[in-house]
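Before I ask anything, here is the structure I am working with.
Which chain is which? They are A, B, C and D, in the order written, and residues in each are numbered from 1.
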């Protein structure tokens, strides 16, 4: 592909590289682009990536492993898009995804990305674990298979396969049971939601997943979906309607907010901790849901909520987006976004870092270990906090 | 340069606890498994595609197997193969020799400069097939190739031996090589690529096309029984505080003479 | 293996050096019209000691070193014209000290303008520093190194006049301190020791600033901007003179631009006024708008457009999108205020001749002692012809600035040549000697301020 | 060209001289009023031409709809008595020049909402109230093609209005709109008051936004929860051109359960937001504007208003943060209506 064939060929040169894309909530530093924070070379900033993409498509530089790593180090956290003051900002992330898409079509992606996508092609999850094990997380929970209940509880790949994700998936299931919510799950028949696949630039594979999922949901008569992961929430809410999949999608924190408010869920057991909340990108910047998770925390007795300096649309991504919870191009350093983030959480004096996303959960928990902060800071999913408050162990 | 790459389809057996032996004890149960191209064959294909991209010529991918093996050929087509041939046969009971006979028959009718195989297969892992076919074709071969460069009429190769020892050869063409992993980084095949490969023609041969019949194919070795290894002693899960656990682990390792 | 590369890795670690095409590409470019030149290495040090080691290595290997902060000069000052090491200083990003009572901050060289602004807002809301109009990613050190000005230029002058002390890595690798800090007395003043100010305005050719102490100023509770407009450009100098006489303004800027149409052919003033109370504010309003500018309003020559509380930092980067092209560059020159009318008219001519919508602006420095006048030319990065046009216009403007008895600010290579042609020969000779003495191997940002 | 329909006889026979005697900004008795309005009608200079704050109110006060305000503005131009300093007039005139290409004309064939020059306020027309309604002038880059131009009444430049307005009307007409709901009531006043007054043809029916909202709220009546807020309405100058629609303000407040607070500067006695006054050429304009604003806000406060409801974006820009500083929440009428039907107002702060 040349620049003329590239979908954003007439706009990508408009980035001036002023650097607003790097800012957090104000101008307190230039480290809110997770990839730039990790590497600090201008190549890793959003502007750097756009200029490199253009240079690559113009033939000024050659494709290289390093170039691919730079593009795939973008976590699709949307900080750049929210902070860029220029009118084309709505497309800067799409420009990145389209460039990744070009690498996908050429087959020239970093090997963990290849692995990720092939695993999804084969097993419907990035880990490459068998499809037949997808439902193992729910063993012994009494959670029912979906058969026309009010909600489809969509768990997602991380909740289904990652040990820590599974714990959260189970607890959320129990919380929903306790609240008397009518819901069911797909178990082994659940497939990847495709959100990361899309952000990795594998458009066709994403389309296939979306089409298959929409067909499956419709076949089962699903109308309302509640998701464990903001990633699933995002794509089902915003992308699936493009595949004729109009569902009422909510993230579980939104559902819990309503249940607690309306008295459907008794959290009087409380949770005694000073808690700081980390906004997941796909709930926050992507869908501007900053309130529901905070409302849930605030309505849990005993929770003292303190904010990190970067919060809401200024939150620093955990570094796990854009498939990076698996492809891990940002790990391995004290400058890794997840480690920066847990240090920031510690600075608030909180002893619990609350998350609302299984990707963030695993990323940040690993970071707590890497930073040696286990004694000071526990990473908990809001589902776990609510679970404890309503007496689920 | 005209290249032939021989490839096969294998079950994805990355999870050991998923493997069960079928009642006849000749094969594993496959109904819960996903399938993929043999790992080594993917490297062979990539090597072939890279040579073709550099030097021109054609690339033909061949497999011997039943219909659902078409998927590995589609993959080869998506990667850049020009032709794909499947010899239709259920190979589950075949030994390497049998398959070699079939491949030799097919290959000798084609024009080629170089034949590439994966060094071995993930499922049965005999590592014999390439060498057998080379012998049958009467052309030179090298196995476990980790470096491959080509020029007019010959290839320069390196083989990787134990402890990382490298052997270098220059081999006159036509020749056959079996390719080791690490020779390259196989490209990703996008779903769009696979889908457009669905449009490409795929040649299916019956056994009698190259003049073979089931009766003429007599295996040299016969599989008697397939079984899972006996369960070893139970693993020990070390519990306790990190300090205690570390001490315990150190003792185990010391007792085992590891250090 | 490249021995320089290996040595750099030994100094800063593998992850903080690159000789790969991607980094070399990115660090070859300025954001303005200057032609790119690739460095051989991009390095991102974290400490003064690392910088010392890098500079020593560069001397040994005779490799150029090109320091950059935000990389936003637009004049090509951080383009590695002779290759070498692009030294990105943004990892040196600690705010080391804020002395509240003596009103100064000591920062490392990579600290950005926005970082200090935000830090002060959160921790010392009654203190502020003079923020330049550049994007907030611009660095404090980079700005003083080029004699920048900010939004306190009217009461307090150039940002480089606000320097209370410096730490410098010399071109030969030694670390020097200047000002009171050099005798261990804190970072509160640059004076009165013997004047060895050899580092500001030299565009990184005499050393690398690693720490800077910058003056802070009172920040009042209400800060806002009022607008005033006149049609006749000849009125601008006298209005600036009168406004500065009030001593009640913080930033006085006059501008005119072709687009959007409302601004075309008119001279708009933005006038910052600050106060701690409504009473103080109204008092200042009266003095400024009614008593000082009232005569223009009554005669119909000038109009008051209102006052808004809250300072919005100008988003200069939007200028880059005027031609939907991601680029602009300007000539900034320090000019006598009285030249405003001619700067405007002649600048407009140059723009129109090069088919670029005109944009000019004059920011008052001190009590109308001078103004920084800028002529801005937007271009389309994807269209080489517009880049060429802009470059031509910029060169013509450099000529114009000198013709009108101005002094080009942060000149690029073309402007430097013009300045050096006119420079007092003895001064020029002294510059040459200083450079030879400080930088015997000529490694520091070569190409810039090269006296032949 | 277009000529103002002004009938001097109506003024001669007028017994009230309300146009000037009721002026909130000039203290004029009936005799003086009559003398001055006639002087103006004859093309003579009058202090009224100099002291007028251009608040439009006399258009409403005139009992016989004789367009005293349009007359004043015409004469200000004719006699070169500009209400504003020259650069402000030039700036204003240049503001209306379209400079970002031609608009895309989409045929509507029916009712549509016209955003005029407020395309960047599209966020104010979201939700069920506006559901399914086609919108013209959505693109801020093209909005000056839909600028009703009436703002130049403040600038003493009816010539600009007459020159540009027919083209604007043509652009709107190209959309084939039968009913144009005007986002801003200055547009509504243009098409229903100014155009007939000077003889410009309007090939569509203009609909006042508040009438539209009132009707929509009636359709959504079952979804309304009374908002129970004490509101003060900031009446804009342009609404003086459509005083027959002013009753919808009360109508809407009743429907949504808003308490319209009792205050002095209400309805016909409403005060100008001051936006225009502050820049006027006359001595003391800045202070005069500040005084008007202060009196206005104090009045709202004394009346116990919790919310100040805006019609005009210019009033909002001028007064919004001032009322907010005084503890009164500024909000657009449409947003207040959204609140009543359980939606989240877009501009609520």
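In this section, a contact is a pair of C-beta atoms (placed from the backbone, for glycine too) under 8 Å apart; a residue touches a chain by one contact, two chains touch by 3 or more.
These figures come from a predicted structure and were not determined experimentally.
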Grouping of chains that still touch (sans chain A): B | C, D
item	value
Fewest touching-chain hops separating chain B from chain D	3
Of A-C and A-B, whichever chain pair has more C-beta contact pairs	A-C
By mean Cα position, the chain sitting nearest the middle	A
Gap in Å, rounded to a whole number, between the CA centres of chain D and chain A	48
Between chain C and chain A, distance of the C-alpha-averaged centres to the nearest whole Å	40
Distance from chain C to chain B - Cα centre to Cα centre, in angstrom	63
Centre distance in Å when chain A and chain B are each reduced to the mean of their C-alpha atoms	37
Touch-based graph of the chains, sorted into line, ring, star, complete or other	line
Which chain pairs touch, all of them	A-B, A-C, C-D
Contacting residues of chain B [partner chain A, same complex]	12, 14-15, 18, 32-34, 36, 79, 185-193, 195
List of chain A residues in touch with chain C within their complex	10-11, 13-20, 22-23, 26-30, 39-43, 48, 51-52, 55, 60-62, 64, 66-67, 70, 85-88, 333
Of chain D, residues touching chain C in the complex	82, 84-88, 90-92, 94-95, 97, 99, 275, 278-279, 281-287, 318, 321
In the complex, chain C residues that touch chain D	229-231, 259-266, 285, 289-290, 294, 296-306, 309
In the complex with chain B, residue positions of chain A that touch it	104-109, 111, 113-114, 117-118, 121-123, 128-133, 202-205, 208
